[in-house]
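Structure provided below as structure tokens; questions to follow.
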Amino acid sequence: MASIPPEFKVSIDSARCRKCGICVNNCSFGALEFGDDRVIPDDSKCVACYRCVSKCPDNAITITNYQWANRGNANWTPETTSNIQKQAEFGGILLSGMGNPRPHKIIWDHLLIDACQVTNPSIDPLREPMELRTYLGKKPDNLEFVENKEGEIELATELQPQVKLDVPVVFAAMSYGAVSLNAHKALAMAAKKSGTLMNTGEGGLHEDLYQYSDNIMVQVASGRFGVHNEYLNTCSMIEIKIGQGAKPGIGGHLPGEKVGEEISKTRMIPSGTDVLSPAPHHDIYSIEDLSQLIYALKEATNYEKPVGVKISAVHNVAAIASGVVRAGADVLTIDGYRGGSGASPMVIRDNVGIPIELALATVDQRLRDEGIRNRASILCAGSIRSSADIAKAVALGADAVVIGTAALIAMGCSVCQRCYTGNCAWGIATQKPELVKRLDPETAAQKLTNLLSGWSFELKEILGSLGVNSIESLRGNRERLRGYELDEKTLELLGIKSAGVGQ
Amino acid sequence: MKSSCYIPSGCSISAMMSESGKRIDGRAITKSIALMHDRSNGLGGGFAAYGIYPRYAEQYAFHMMFNSFEAKGVFENYLKDHFYIVHDEEIPTRPGAVYEEDTSGINIEYGMNPITESPVLWRYFVDVPGNRTQFVSESEYVFEKVMEINSKIEGAFVASSGKNMGIFKGLGYPEDIAAFYNLDEYKAYIWTAHGRFPTNTPGWWGGAHPFGLLDWSIVHNGEISSYGINKRYLEPFGYRMELKTDTEVVAYMFDLLVRRHNIPIKTAISALSAPFWKNIDKMPERERKIITAIRQVYGSALLNGPYSIVLGHSRGIVGFNDRIKLRPMTCARKDNMLYMSSEESAIREIEPNPDTVWSPKAGTPVIGELYEEVE
Amino acid sequence: MVKRIDCKNLYYRHLNKIIQDEAESGETEFILDNLNGQRYLGTGINKAVNITVNGTPGSDCAVFMNGPTLTINGNAQDMIANTMNMGKITVHGNVGDVVGYGMRGGKLFIKGDVGYRAGIHMKEYKSQIPVIISGGTARDFLGEYMAGGIFILLGIGSDSEIITGDYLGTGMHGGVIYIRGDVENDTLGKEVKKLDIDEEDRRILRQYLTEYSQDFGFDVDEIMSKSFIKLLPLSSRPYENLYVY
């Protein structure tokens, strides 16, 4: 292993350091040690999580990228080389955490939003009403009314169950197991405060969270962990997980060392065993089987809850989405290839799938072409980073977006990409009690709430500048988007005009 | 109008055969597929029937779909140039027809789905002129013409082209398609049926199953993940994939391997649903040599992905699954009858007391063969 | 009182609703005649009712089932006892593929054969241990990804010595599979080992097989007179060394 140079370099400024030892205690990766009356860093262990930097009272720590002498080889980069060396050393699959980090073009950043000038008025969001409320669920094509005995009109159509969101942002599926119980609690509390949903992921729901049932989406994945009657009924909607953007076509795997007593109870499996969720649901090998599972879940919950389906954005996503909607899904979540993950084989994460922007645009268009867009709400996932991304996603056709990584960052995550190690220095992606307690659920919930409230303000500003006062008027309104530095084909697929083109 | 996008689909299938050649009307097969209504979504249903044209048993029966009467005219000129037309007529249909029998498979409250619109549907019974088959066999000649019609004549599509058989299909639930085509008035010794759950609107009738070529017909449940290479493998042999559905490649694959390469059906299936190397290595010498060669030569013909398939041809039916059995199939026998279906209940709906019921092993075909002549 | 329902031409949703409503108002015994192909039988009833089925239930029979006892006089299709939590099913016939998928509790007793991927992903938690017994043979991928529970395969009346298919227990990391007779070593998944049974196993087998034999009129001593083997996972961490960081 000596041949693999470290990624980062930790320098301690001894002139500033008061030798309090805080950093040593805080490093959950074992990169800092006391010796010779000074702090000695082991560069090879540092993951640049910045826990020590943020805790050091003297600002004495600096983390830099370990500088490889530039051999000028753009093909055999340090990363490629060290990956080969790691595999040569150990065999096996390269694993990583978080989403695709590669410098691919991000389409969101090439979409520009319109604003009103002169010919139509913009609206002042601070003083005028501005609506973000969104309902997830199947909508009928039309409503029917009857006249009652008194000659008044009454609604004859019985609407399918709908879930109300006060902000068009829900928290992504992150299982208890992949993240800590405190993280799950924070997400649930914030969802309640902000009027949205947290998603349990596939690891069941801890009893402490049952009280948040109105703000919970429970997930049913191939492993069926913790899926029982109570679970299915302690939520406002159910999601069947088919795929995840970070690893389309690949299952999940929670290593046994993360499976302690509480997780074992929640997932209903013995402690210490590997938790395997293979890629396919073994009762879904075809589209009509998906329909069968959707209706099985509805049957088990008395048709009271919307049932959604999450798929990853793959080449044929539009046709698949159409099939999923026709199979009876009330909500469709599409997860793009930059979506996050607690652990994903690097080769899949970085090479499989398509950008969410293209997937969303083509799915929305396909469902409209087929006249079935009303039958399901669309949730757009896979690296939503800001309110601007949300506005653009909504304009391309999403009903709401899903945030995973952004929510973790709000709670303190520094995107060190080491979630799979179970050593998360911020108490998020870990089950070690001493680390978990670093995350205070109340504080983290407040931060999440603040983030959503900030984004809501910004969204309202955007709506106001567009001269509309409800998110519905932006939803699918691609006329208010323009593309910049995008090629013809991409513009065509996005269904938008180039910047510079007027009406 | 031919859809330009690839259409994955799920489905239900059902098939029945009288191995003694007794001809049965279309009510039973309709009842069977109707029970599995919820496995399809109204975007395609169809039937293949063998033995339905005893009067024209020696002629190739072309079941045609036309976009317009103009396309029909162009097609008829073509047909006259290449064949003797012994007889032709409109395929009788009942627009607005809907399946009305009671079944536990359908929720009536959802409303009926009558079939009101259709392309122009016509059938032609034709002979191949003797002087055209000096250098190619008759079947090869018909094959070439079918490919040419489907790819070159705008708005014309050959739904089936075998002798004494026909494919009846369209947009709708299969049981309604049966009512539309009056299938209770046809008698066949083999019936196969298909209810489709495509993942988009195909928008045209030719995309429904069964898919047929000469006397082959295929009904298929599942998806063929290897479609891309199967298609590219077939193209140089003159096959044109006009439908963009994976089912089409299955029919062509049988045509290529069995009719043109003369491989016995069972062996052909060991190319399409090939045994794993692990099992091949354990086979006795002779068999191992054959299957190894098959996999070496016909690697591109391997159908990979989840599927169950029923192949129909004039002498019988063959049902088989993918290599790891990812799609369901149940078979049953009663006297001289052989049944195959996605669900056992669909068989019991028409034969409550079968002699035997079993589900075939992955990759092991179930074969029904005519052992008497058709009545 | 016994509620007898003629299921002929009754759509599954109507049928299940009738049963749910009747169970809600206190009915505990149901006999379903002429059942054929209706899905999700026994689902959504969180009560210990008894349901006797004369016919062939449709797919996903007893999916998420939580309490009822089903007696099926006939065969059952694919995916019976999917993610079942509590209750008991006896099938006086064969069942299809993917039976007991993710089953976490209760009993599934089958007189005849099971298809592909039986017992896939079964799991257990503490005293909640699902049990599947098949009196016949099994196809490939028996006990795939099995994480807990007990699967017993008997091969009664099978003319072949080998009653299992290929890829036995592949991905298995919990639970136990008992097989009457023996298995071929090269059909074992990489993640399992074959062992002789011990006294404790015999006790467990006798306990469940006694109940099973009563249900189907077999002789438990005769069943137990033949030798058994058991399959256990090599590790509860089968993929520990699959990844590098």
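Letters A, B and C name the chains as they come in the text, with residue numbers starting at 1 for each one.
What we mean here is this: a contact is a pair of C-beta atoms (placed from the backbone, for glycine too) under 8 Å apart; a residue touches a chain by one contact, two chains touch by 3 or more.
It should be emphasised that the depicted structure is a prediction, and the values quoted were computed from it without experimental measurement.
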Category of the chain touch graph - line, ring, star, complete, other: complete
Chain separated most widely from subunit B, comparing mean CA positions: A
Pair of chains with maximal C-beta contact number: A-C
Distance between the centres, which are taken as Cα means, of subunit B and subunit A, whole angstrom: 44
Subunit B and subunit C: spacing of chain centres that average the CA atoms, whole Å: 36
Contacts with two or more other chains, residues of subunit C listed in rising order: 13, 39, 59, 78
Subunit A: positions in contact with at least two other chains: 292, 295
Residues within subunit B bordering two or more other chains: 38
Subunit B - residues contacting subunit C, complex: 35-36, 38, 102-108, 279, 282, 324-325, 328, 330, 343-346, 348-349, 357, 359, 361-362
Of subunit A, residues touching subunit B in the complex: 285-292, 295, 316, 318-320, 322-324, 326-327, 366, 369-370
List of subunit C residues in touch with subunit A within their complex: 13, 16, 39-40, 43-44, 46, 59-60, 63-64, 66, 78-79, 82-83, 85, 98, 101-102, 104, 117, 120-121, 123-125, 128, 144-145, 147-148, 171, 173-174, 236-245
Footprint of subunit A on subunit B - complex, ascending: 5-12, 38-41, 43, 197-201, 221-223, 306, 326-327
Contacting residues of subunit C [partner subunit B, same complex]: 7-15, 36-39, 55-59, 75, 77-78, 94, 96-97, 115-116, 139-141, 165-166, 186
